[in-house]
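Below you'll find a set of structures to go through.
Next come two complexes, and both contain chain A; in the first it sits with chain B, in the second with chain C.
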Partner chain A sequence: MGRYLARRLLYMIFVFFVVSILLFGIYKLVPGDPARLMLDSTLATTDPERYEAMYEAARERLGLNDPIPIQYLKWIGNMLTGNFGYSSVYRMDVIDMVAAPMKNTILLNLAALVLVFCITIPLGIAAAVRKNSLFDHTIQVGTIVGYSLPAFLIALVLIFLLAVKVPAFPISGVTTPGFQGNAFQKALDVLYHMCLPLLVLALSSAGGLTRYVRAAMIDALRMDCIRTARAKGLREKVVIYTHAFRNALIPMVTILTGWFVGVFGGSVVIETIFLWNGIGKVLVDSLRQQDFSVVLAMQMFYVVLTLAGNLLMDLGYCLADPRVKLN
Partner chain B sequence: MRGRFGSLRKAIFGSNASPPLEETVETPLRTILRNFQRNIAAMAGLGIFLLILLSCFILPVFFPLDTSYQDVTQQNVPPGFNMLRLPTEMEKEPVQISAGSVFSVGINGDGKVFIWGQASQKLRQIPGNLRRAVQVSAGLDHVLALDDTGRLFTWGNSRFSLGSIPPELLGAEIRQVLAGNQVSLVLTSDGRLTFWGNENLMTLRLQEVQGRIQKAALSSSACLALLEDGTVASLTTLETPVSAIPESIQGKVADIAVTDKAAAAVTVEGRVVTWGSNVQDVPEALQGKAVSIEAGRSHFTALASDGTVFSWGSNNFGQSDVPSSLEGEKVTAVYAGSYQNYAVTESGKVKTWGLKGYLMGTDGYGRDIFLRLISGGRLTLTIGAIAVIISTFIGILVGGFSGYYGGKVDMVLMRFSEIVGSIPFLPLAMILSAIVGNRVSELGRISMIMVILGVLSWPGLSRLVRAQILAEREKEFVTAARAVGVREQTILFRHIIPNVITVIIVSATLDFAACLLTESSLSFLGFGVVEPSPTWGNMLTGSQSSTVIGTYWWRWVFPALALSLATISINLVGDGLRDAIDPKSSER
Partner chain C sequence: MKKILSFILAVVAAISMSSCSNTDQPESSSQLIVGSVSALNADMMDGWTNSAPNKSIKALLNGYETVSYTREGFFEVNKTAVKEFSDEENDDGSKTFTITLQPGLTFSDGSPITAKDYVFNILLYSSPEFGALEADNFSGIDYVGFEEFHSGETRTFSGIRLLGEDTFSITVKAENFPYYFELSYAGVSPLPTSVIAPGVEISDDGEGATLSEEFTVDLFRETILDSETGYRYYPKVNAGPYCLEEYDPATKQASLVLNPNFLGNYEGQKPSIEKLIIKSVTDATMMDELAAASVGLLTQVSGTAIDRGLDLAEEGKVEYATYLRAGYGRIAFAANHGPTQSAAVRQAIAYCLDRDEFARQYSGGHARVVDGYYGLSQREYRENREALESELIHYIYDLDKARELLVADGWTKNASGGEFQEGVDTLRYKEENGQLVPLIIKWANTANNPVSDLINTMLPGEMAKVGMELQATSMEMGKLLSELQQAEGQNYHMFNLGTGFGSISAVWYYYNPDLKNFGGSYNSNFLADEELYQLALEMKATEPGDTEAWDAKWLQFQKRWNQLLPDIPLYSDDYHDFFTPRLQNYTPDGLWTWENAILYAELQ
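Take a look at the complex of A and B:
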């Protein structure tokens, strides 16, 4: 286990560096000069000499005069020591800029995580227990429909139904602008704004997950221990919810850990549609505004998330089922 | 499901009373086919998908899309084909008909005003005190009418003071009313024109001709006047293609008409002369006997002295195709406007031709959604298919070598696939499209999207192929092939891969749906294929606001429906294939 972990971590670090070189290379291909972006362009016409001096100073400060490998080393050094760069659009450090969106993203995704598991686990178990019944076939087709629909489409339909036809929910923002009230009222306001994005997130991921739970549960119900439990004369409820479900949990834990990492990533599409000020929207906005140092930092963040997610999934599998040998 | 088919089999082959026959030997492919055919959902999916595929690849041949086409007058038109459907009361003794952008108004023998086509609620509110109308004119989104007491009425769009009649026209004797693109024109019988409306679109220079005007003709960008001495004058302050009036006709003109870019005049000898840009030849049969002429946005319709009708000009909505049912009929009057034509025959019947409406409505730029949907589908499906081909190719190659050779090759290739797999897809695709996309042509951008999609989505498949090959390579047939001395690569690609091809096909099918979704999400966010090339994803881009979602439902419902039907049917097929290939998986 320890050796496996060490080797795995080593691979992760290797992959991380390769990806970072790749991404840095792409970033360097971006046309445009970040040093010029930082300066006030009106100065170029009024006082060109001072502008040139400031431009040179900015280039020096940003390290643009160094050869590319040196620039990379400096950049990755900054990244590793927690200096994620400077947003040229918001004129603040990236780490300060993403703090609030990160909070919103985690809030939304945690809520979605809870909701999705509340929907999919009972549904998956019910379908597995009544395998090949009409109910099961309905769920099967329904889940295919669910995972075939892109999130933005579900969002459009829900906006049409729940915000246009029946104006029940707001369609944009995290809070009501200028909202006054105590902490509880504020929390309720956020929750109210969260309804639609939450529903979209839950619906768009419920399909695949329900199928997964169902498959895991069917496998578990085929185990010998279940036959033994039934032979002992245990009530069917106990057999399903205690004996089978525990065994089905193993693959579910893998998915859960993978998902948990996704909580920090946010959804680009959903956050953009509902103007939910989260990580995904920061990425889209930065891309639209050509704020590439933010984009690069975000991209590295996503890489770390994916790598950590993969590792956590393997470890979760190992922890949930001691029989699993990692190699 | 098994029970139902069991009973079906019993019904067809008789009951199980006869001793069970020995199971016939089938090739695996036939088993797969049979299993697949039994799956109702998968077969339905296949049917729907084939239908979508065929429509997207065959229909655009018959309905080609001009991506640069836009038309402000046709914005946000709801689906329906009622633009030429006259109310039955209107059919009786039509006095006058005027075609506006997407609706028409008319007066019947009782002086009653009717409005049909895609008229908004505002347009349908015909003033109650308008009793016996004698003249109507339909504009972009307003109507101007004159009753038998000489009173003017206007309704519909009331912006740019269109809703109020200028005071100097009160009590004046009126000869002609004209409603245009957010402008109104009224000609009094003493030859004076009054103009009001949106002056940003058109301003007129009237001093030199006031008091001598016989008739005015109006289009969205040009305004011509026929003066009492038979000469034609251009009234717009801006130079337009129709401002250069041929000298040869001056003094001999009997009727005029003007489209957006061209003008036509009927001379007293019955000849038709056209000028402006994009003018098309006047039908030879018409020359010498033309009586009156009317114009739409880009076509002319003329009436000859013997009662025949001729239409010419652009024909994108069939507005220049005079129906054959008019042959032999004597036409007494023709009315044309926008893309519509109405001909009243001697027997009092009204024949129509031109734009009837749109199957799926139009979008915010006046483009036909149906045309964009089928062409967009072709692009979306092509991008998805090519991306899947690229990713499958790389996946088989990497997974094949990795699984077959193992050891160091496996190590390096799997780390490589891990690197590619750990790059978050959507953000990277967005970055690449933002950086590279702005510097290449439209086609370059589309191919770039395909390549990005393909190059980033193979790691999953390569792992799958590797696992399959690991299982296959230890089998006897591989050992046998090796013993015979078959080359390593031949063993891999000719002996092993065909054995795992079914798994690859299933994976490719499911990847195809995933690629469609990813491309649509990218285009929806504006980082994929961009306007004016349509894809199902970017057709939905403009539909994010709640007004569009609520009011202009047709703008998002149809692309959304097409996209979801396509992905659902592909996933159903993929799922059915997987179940058919691996019967164990259907147990799960």
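Take a look at the complex of A and C:
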């Protein structure tokens, strides 16, 4: 186990550096001048001397005057020492800039994760157990519709129905503007604003996952051990939830790991439509505005997260199925 | 399963009901929620970012500026803040503005505002210590002694004098004169020295305002940059009509409350709306938010979104104010390389486009076409409208005219060097230095842009009819700007983007023929026309206050510009501000935006 972990960690470090060089190189190839985008363009036309001085200062500040290998070494050195860079658009440290949206994203995604798994696992199991019944067919059709519809369409329909026609929920935002209340009331207010985006996330992702659980359970229910368990006279609930579900867990661990990594990645569509200040929109905006420090820092974070997620997934297989050996 | 679903539904219903019952009404009697399509960020102090909603907030937090920009479009001394104002020309050509403050000015916390707070503003925003905070520190670049002070060579700013408790002076460098807008150099607002720089002394022994040793970067890291209390994010003491109550980075919403000590703007006007909240909205749902009263004011709405707002207005749910944009959407040409070097080619392209139809289609009828370098809300346009309409060429769709111009400019050859035959040849060529140059226009545009899409629909086919070819390339905005400024070489001849006019339209920079120093950021057309530049310089040199002379020169400039046509102006929007019917006396304008108009408005 120890040797396996050490080997995987070494592999992760190697991949991390290779990806960092590739990503840094790619962003340096992108045309455009982040220093100019950093400045207030109106100055260029009202006070050229001041603009030029600020432009030179901005280039210096962003380190754009150094050769690219030096820029890389400085950047990776800073990253490894906890300095994730400086946002050229927001003019502040990346870590300060992404903190609030990351918190919102994690909050929304964790809630979505819990909600989706609470819905899909029982639903998938129920559909598998009642395979080919009316209930199963209904779930099959419903889930196909769910994952065929794009999230933005579900979002706009729900806004129209539940926020405009029947104003049960707010149209957008994270909290009510000017809301006054104690901590509990404020938390409720955030939950209230989270309802619609959560519903959209749940509807758009529940379909696929339900079908996945259903398929995994159908495979598990066909196993010899299940037949044996039934022959032993075990109660059906024990057969399904203890024996069959345990065997269906392996594919689900893969999905769960993907979701775990996804908790830190925002949804641009949901965040844009509901004005949920999350990391997905920050990332896309940063790309558009050539705020590469933010993009690089976030992407390296996702690289680490993915590598760690893969390791956790392998460990999870071990826990879910004792037959799986790490080496 | 049923139990789980019932439980989820019960939780959702409980949250919905409890939140509804606990929620303050978004549009209460004392507060107005202003929706902004641009996202708000944490910067509430000058020196860093300047997004549109942050600019508005800063305008509401800052006040008692010495020089104000009036609703009528002039700079004038702010009598609410300034008791005496004088200017004196020095022997070396520099000019000194001496300002004495009105008594009784106070910050929002009741502490008195003195001349030191005005001087501190210039010193802080020009200091190397402020620059060390990654902030822009070139505020005083036009004042005598800036270079020595800015570089850290001295702690004394020789062009800024602290002449007493209520008097200070600013000396502007000689190279900046003559200048029609010279009064703008004397514009400065107070900053609370005791809050931003506690313990720092500003003295003047006759050589200029001097900072004490306590003025350090470490001090400002605490008083300005601290993420919880720093003035950059939470300016708790200020001089403007409103004070920042809260900015929440998680929700990107800011709330402002009335400054009880504010004596008024340059007209003595004080706001009456107790609380302003600025929140983000999206184009797709902003009108629904307005109808649902979760926002009370939407500003600068343009294009087809206006129709939805007008529907709500017809239903009596909202009111609206309309005004003209201080800017226009344009096709910009590179006038220093390729076929677009020639004014005739630029004019011919303009004749290939039905601009009136373009503006109608783009905006749903909520935009107009301009013919010069101006926005429809500018004072100069309003006061010279008839002359502009009669003396400028209105480029309308006219392919014969386009052909005529191209032929006169020498685009008469075909690919083999023979005469270009209408209906036989498809592309015109011109012989230059023994070589045939094709009439191909390379156009850089941004993707997913309705203006680009419409140009692509309306222009290439018409250009082909007269023997021109338009080659389009889509790219990100950053790349387009880089290409426009020719930072990556001379790759494109034509671009489409927007432009806006501020209170000063410094055309002497935009059309400076010194392309080596001004081409790119300033002169983005790379147009080197001496006549146009001289007209611009004459405008700049107009005697301050001589509006008539300024307007006459401005008109001459527009005529020349209209002939050279470095841009094809496409549309200038009829902006609409939609708001709750409870908002009264709200009258914005293109350059008198909502943060100014709101001071005069009231909520019923």
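Following the convention adopted for this analysis, the second predicted complex is superposed on the first by the 279 of 327 C-alpha atoms of A that agree within 3 Å, B and C clash if a C-alpha of one lies under 4 Å from a C-alpha of the other, contacts with A are read in each partner's own complex, and residues count from 1 in each chain.
We take it that a residue touches a chain if its C-beta (ideal position, glycine included) is under 8 Å from a C-beta of that chain, and two chains touch if they have at least 3 such contacts.
Keep in mind it's a predicted model, so treat the numbers as computed, not measured.
Colleague: Examine A:F14 and indicate which partner it touches, taking first as chain B and second as chain C; both and neither are also allowed.
Modeller: first
Colleague: First (chain B), second (chain C), both or neither: which does A:F179 touch?
Modeller: Touch status of A:F179: second partner only.
Colleague: Looking at the overlay, does A:L188 come into contact with chain B only (first), chain C only (second), both, or neither?
Modeller: Only chain C; A:L188 stays clear of chain B.
Colleague: Looking at the overlay, does A:L153 come into contact with chain B only (first), chain C only (second), both, or neither?
Modeller: first
Colleague: Given the touch rule stated above, what does A:L283 touch, chain B (first), chain C (second), both, or neither?
Modeller: first
Colleague: Identify the partner contact of A:P170: answer first if only chain B is touched, second if only chain C is, both if each is, neither if none is.
Modeller: A:P170 contacts chain C only, not chain B.
Colleague: Could you say whether A:T272 touches chain B, chain C, both of them, or neither, answering first, second, both or neither?
Modeller: Both partners.
Colleague: With both structures fitted on chain A, tell me whether chain B or chain C touches more of chain A's residues.
Modeller: Of chain B and chain C, more residues of chain A lie in contact with C.
Colleague: In the overlay, answer first, second, both or neither for which of chain B and chain C A:V141 touches.
Modeller: first
Colleague: For chain A, what residues appear in both contact lists, the one with chain B and the one with chain C?
Modeller: Common to the two interfaces on chain A: residues 30-31, 156, 159, 163-164, 171, 272-273, 288, 290.
Colleague: In the complex formed with chain A, which residues of chain C make contact?
Modeller: Residues 1, 4, 8, 12, 15-16, 18-20, 22-24, 26, 28, 31, 33, 39, 41-43, 48-50, 131, 134-136, 138, 141-142, 227, 248-253, 255, 275, 277, 279-282, 284-285, 288-289, 291-292, 294, 475-479, 481-482, 485, 487-488, 500, 502, 504, 506, 509-510, 518, 521-522 of chain C touch chain A in their complex.
Colleague: Under the stated contact criterion, what part of chain A meets chain B in this complex?
Modeller: 11, 14-15, 18-19, 22-23, 26, 29-31, 132, 137, 140-141, 144-145, 147-153, 156-157, 159-160, 163-165, 171, 214-215, 218-219, 265, 268-269, 272-273, 283-284, 287-288, 290, 295, 298-299, 302-303, 305-307, 310
Colleague: Would you mind writing out the residues of chain B in touch with chain A in their complex?
Modeller: By the definition above, chain B touches chain A via 1-2, 41, 415, 418-419, 421-424, 426-428, 430-432, 434-436, 439, 513, 517, 520-521, 524-527, 540, 543-544, 546, 549-550, 553, 556, 560, 563-564, 567-568, 570-572, 575, 587-588.
Colleague: Mind pulling up the chain A residues that touch chain C in the complex?
Modeller: That would be residues 30-34, 36-37, 40-42, 44-55, 57, 61, 86, 89-92, 96, 99-101, 103-104, 115, 118-119, 122-123, 126, 156, 159, 163-164, 167-181, 185, 188-189, 191-192, 195, 272-273, 275, 277, 285, 288-290 of chain A.
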